[in-house]
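Both of the next two complexes hold chain A, though its partner changes from chain B to chain C.
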Partner chain A sequence: MTSKKVILTGSFGVGKTSLFNQFIHQKFSDKYLTTIGVKVNKKTVESHGEEVSLLIWDIAGEVTQDKVPNSYFLGASGILYVVDLSRPLTFVNIKEDIEYLKDLLPGAKIKVVGNKKDLLTDTELAQAVKSIEIPVGTTTSAKTGENVEDLFLALTNEMME
Partner chain B sequence: MTEFANMNYNRKSNYRQVILLDENGYIHDSCDSLFDSSQFTDKSIGNYFYFLASELPTIWASEANKISYNRMQTTQACLPGFYDFAFSKAVINGKRHILWEIFDYTNVYKEYIKIQQIKNEVSIHEQYLLRNKNQSVDGKPAHSENFFQSEYIAKQRKESDNLVYRLIHKEKEIGTAPAEAGLIKLNELKLHLKLMIEEIDQFVNQVKDDEFTDIYIKEVVDDYFNKEIPRHPDRIKLIYSDSLPDKVTVNKNVLTQIISLVCKDELNQIDYKSASLSLGLVQVNNDNNPILNIDYVEQLSSDINLNEDSAKRVIKLSILKSLVSTLGGRLISKYSTDNHLFGALISLPLKNC
Partner chain C sequence: MTQRKYKSEDEVALEKLKDIILRNDRSELDELRAVLNDKDKLSEKVNPIIVEHFNFLKENFSSEYAAIINGLIDKKLKQSEQELLDLIYPSLGKMISKYVALQMETLKNSIENSVKSSFSFGRSFTSFFTGVKESELIIKDAVIATVEEVYVIQRDSGLLIGSASKNNSMDDEVVAGMLTAIKSFVEDAFNAQSQDLEMIEYGSYKILIRSYYSFYIAMAVSGALSVSEQGELQDKIDEFAAQKMKIFKGRFDSSRYEISNLLKENFMDK
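Let's turn to the complex of A and B:
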């Protein structure tokens, strides 16, 4: 079976752990518990009729990506760069961050994820998405589960192209 | 599976396990200090540890001889805490192997989480303050009502003598002060928390070095004091007990770090009357490992406000406590508001060579 390493990254408190838990365990908690290192879990999905095992890394959030230990990114095929749509300061560094990640992992697929969409009205959502300098791939809510499964499946399809 | 078991690897402190993996990811040998590896020998290790499924190919492909990953949380019940991993490549009998070192820093990283949690929540609150400040026209107090209601902090508050909470006891002030003042306070707090985290990281890395050498302990401690406290030669009285031999087998960096954590900050303060640091060695019966006792006592002036400033120091002590326990030692803190006393007695088992 093909395995792919996928990393959830972005600033702290944007919902990386929540997306991870929603995708792996279909669970959500309102409680904020800081992640200090790395947790890896596995989930098998199907892409183009083939089974793919996703090895998903939930890592501690850093304000900028160059602060994340390089070893975490080694061998990654997919990156989910998560921002909190309700906190603009979580996407002020997005341009530099994405460039940094592209340099580090030239072959990897990188997706920008706008999370916590449930906290915004449609107008606010459109406004937030427009203000992000890099096109947002998907907007999600780890709380309601909206688009979470689709996000991982879309990434898998891209990685398997 | 005997060689490593016989190594008696750090049996005293029991915080490190070494596992030798063969080219296919099967366990070849293990000292089993932290968990019984025999349950994982029938299949390649990646079937049990997802982290390894993900990383073994990368480690093989990497040009580096050693790769480290810090603060790992596994999904395996046999490793229920927080660990640092290091992987080194080795050729044994002409075959490629990977040496997997696991360092159990669970206690230490639990302290780390508390600090990081507060730091992140403070940062998020700061972001709201900044936004409100930019948005407010009339300079009204700007604060996020939700921040200090956060469940985590609410829980800290319930524990009456919780020191992390005491550190942020100025919450009301921060919450309702004009944005500027609140921001400055938050920034101070953030910086302080950042320093604490750096100290933990530094210590953890030094312990890992595991370089136990014979040192002339009095010279090392004298040196440290001369270098760190040249301007305050009389602030702390150094006492070497008669039991302390000239030479001691110890990790020098760890020793100086402990001394630094227990008394360095205080050197910059002027509000205490006197302090002493005593070092002695105890030989326990039926035990080959002698114990190094480091005793720090500080007599504070009666007029200083203990509650305010001491919170930071006591938090520091609780970090040190977890670090010392990782090394198989013990820390008893002495902290008395009534007697205006602050200090710690640290007992550290020395390496048996």
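Let's turn to the complex of A and C:
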């Protein structure tokens, strides 16, 4: 079986751990517990008829990515850069952050994820997505589970191409 | 019809006498009643006494009430003995097991040092020539450190290359990831990029870590591990890395099964 390392990163409070828990355990909690360091878990998915073991590293949120220890990113095949669509402050550094990650991991697939879509109306959602400098790959709600499974599957498919 | 009772002259005289004798007392009694029935007046009189007693208690509480409180605590402890045991036992158990493991390590180290200072030629001969009691040599051999789990892990990504375990307690891929995260965290936190984390201790468990260019090997050992045994295990891990891992020429992706079998043969079956 192929194994791939996936990193969940982004500013604090954007819902990385909630996406992680929703994808791994299909659970959501309203309680905000800040992640200390990093938490690793795995889930096996299928891509192009092959089983793939995703080792997901849920990293503690930082305002900018250069604050995250480089060693956490090493060897990653995929990165999910998560922003909170209801808090513009969580995507003010997105351009610099994505450039930094591309330099660090030239071969990795990077996806920008707009989370907490359940907090916005359709109009607000469209405005938020438009205001983000880097194209948003997927908008999700870790609370309702909307697009969460699809997000990880799409990333797996890209990593396996 | 009620009969009116007339006081005799003696009784009237007695009343008058009482009035004369008790006048002062009665007036004081009235004053006292007035104080007792008026909250403010009563507070004014009583508060200083309470404060004084309170201060006295603050200074002398332990000597005055120690016996009573000790009695109460004893009684409560006896009543809740089971509850307390449930609370204390897990921590106490860990402390004792760690202490015993540590003492065993010290004992093994000391026996080994005594043996090393002479030569080895079978337990009885060794005992005879070194002066170390045969019973101590038996203890040394009996408290064997056991290899519980071994992992070969990609150094950068933390992805698992191979593993062998005695009890398969947790998902080996997640263990490999978390070990790498801990290793990275320690090495980053102490800005020790040129140095590697070499050991993690948990209770009576030790996780020995040997880092190489593209992978590292982590070995969980239970029991008392003496300094020389630790050295021997590290040599054995180094030998495995140099002799067995080289045949895969850095291509570990499709070799997990073979590497896991090699780990089992080299570290688990003995």
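Everything that follows uses one rule, which is that the second predicted complex is superposed on the first by the 161 of 161 C-alpha atoms of A that agree within 3 Å, B and C clash if a C-alpha of one lies under 4 Å from a C-alpha of the other, contacts with A are read in each partner's own complex, and residues count from 1 in each chain.
As a working rule, a contact is a pair of C-beta atoms (placed from the backbone, for glycine too) under 8 Å apart; a residue touches a chain by one contact, two chains touch by 3 or more.
Just so you know, these numbers come straight off a predicted model, no measurement behind them.
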Label the relationship between chain B and chain C on chain A in the superposed model as either fit or clash. clash
Touched partner set for A:T64, first chain B, second chain C, both or neither: neither
In the superposed arrangement, which partner chain does A:G75 touch: chain B (first), chain C (second), both, or neither? both
What is the contact status of A:T2 with respect to chain B (first) and chain C (second): first, second, both, or neither? second
Just chain B (first), just chain C (second), both, or neither: which does A:K42 touch? both
With the two structures laid over each other on chain A, which partner does A:G13 touch: chain B (first), chain C (second), both, or neither? first
Applying the document's definition of touch, where does A:Q127 land relative to chain B and chain C: first, second, both, or neither? neither
In the superposed arrangement, does A:Y32 touch chain B (first), chain C (second), both or neither? first
Just checking: does A:R87 make contact with chain B only, chain C only, both, or neither of them? Give me first, second, both or neither. first
Going through chain A, the residues touched by chain B and also by chain C turn out to be 3, 5, 37-42, 53, 55, 57, 69, 71-72, 74-75
Using the touch definition up top, name the residues of chain A that touch chain C in the complex. 2-3, 5, 37-42, 53, 55, 57, 69-72, 74-76
Looking at the complex, which residues from chain A come into contact with chain B? 3, 5, 12-13, 30-34, 36-42, 53, 55, 57, 60-61, 69, 71-72, 74-75, 87-89
Taking the touch rule as given, give the residues of chain B at its contact with chain A in the complex, in rising order. 50-51, 53-55, 57-58, 61-62, 67-75, 82, 109, 112-113, 116-117, 120-121, 123-124, 127, 130-131, 150-152
How about chain C: which of its residues touch chain A in the complex? 154, 156-160, 171, 173-174, 177-178, 181, 184-185, 187-188, 253
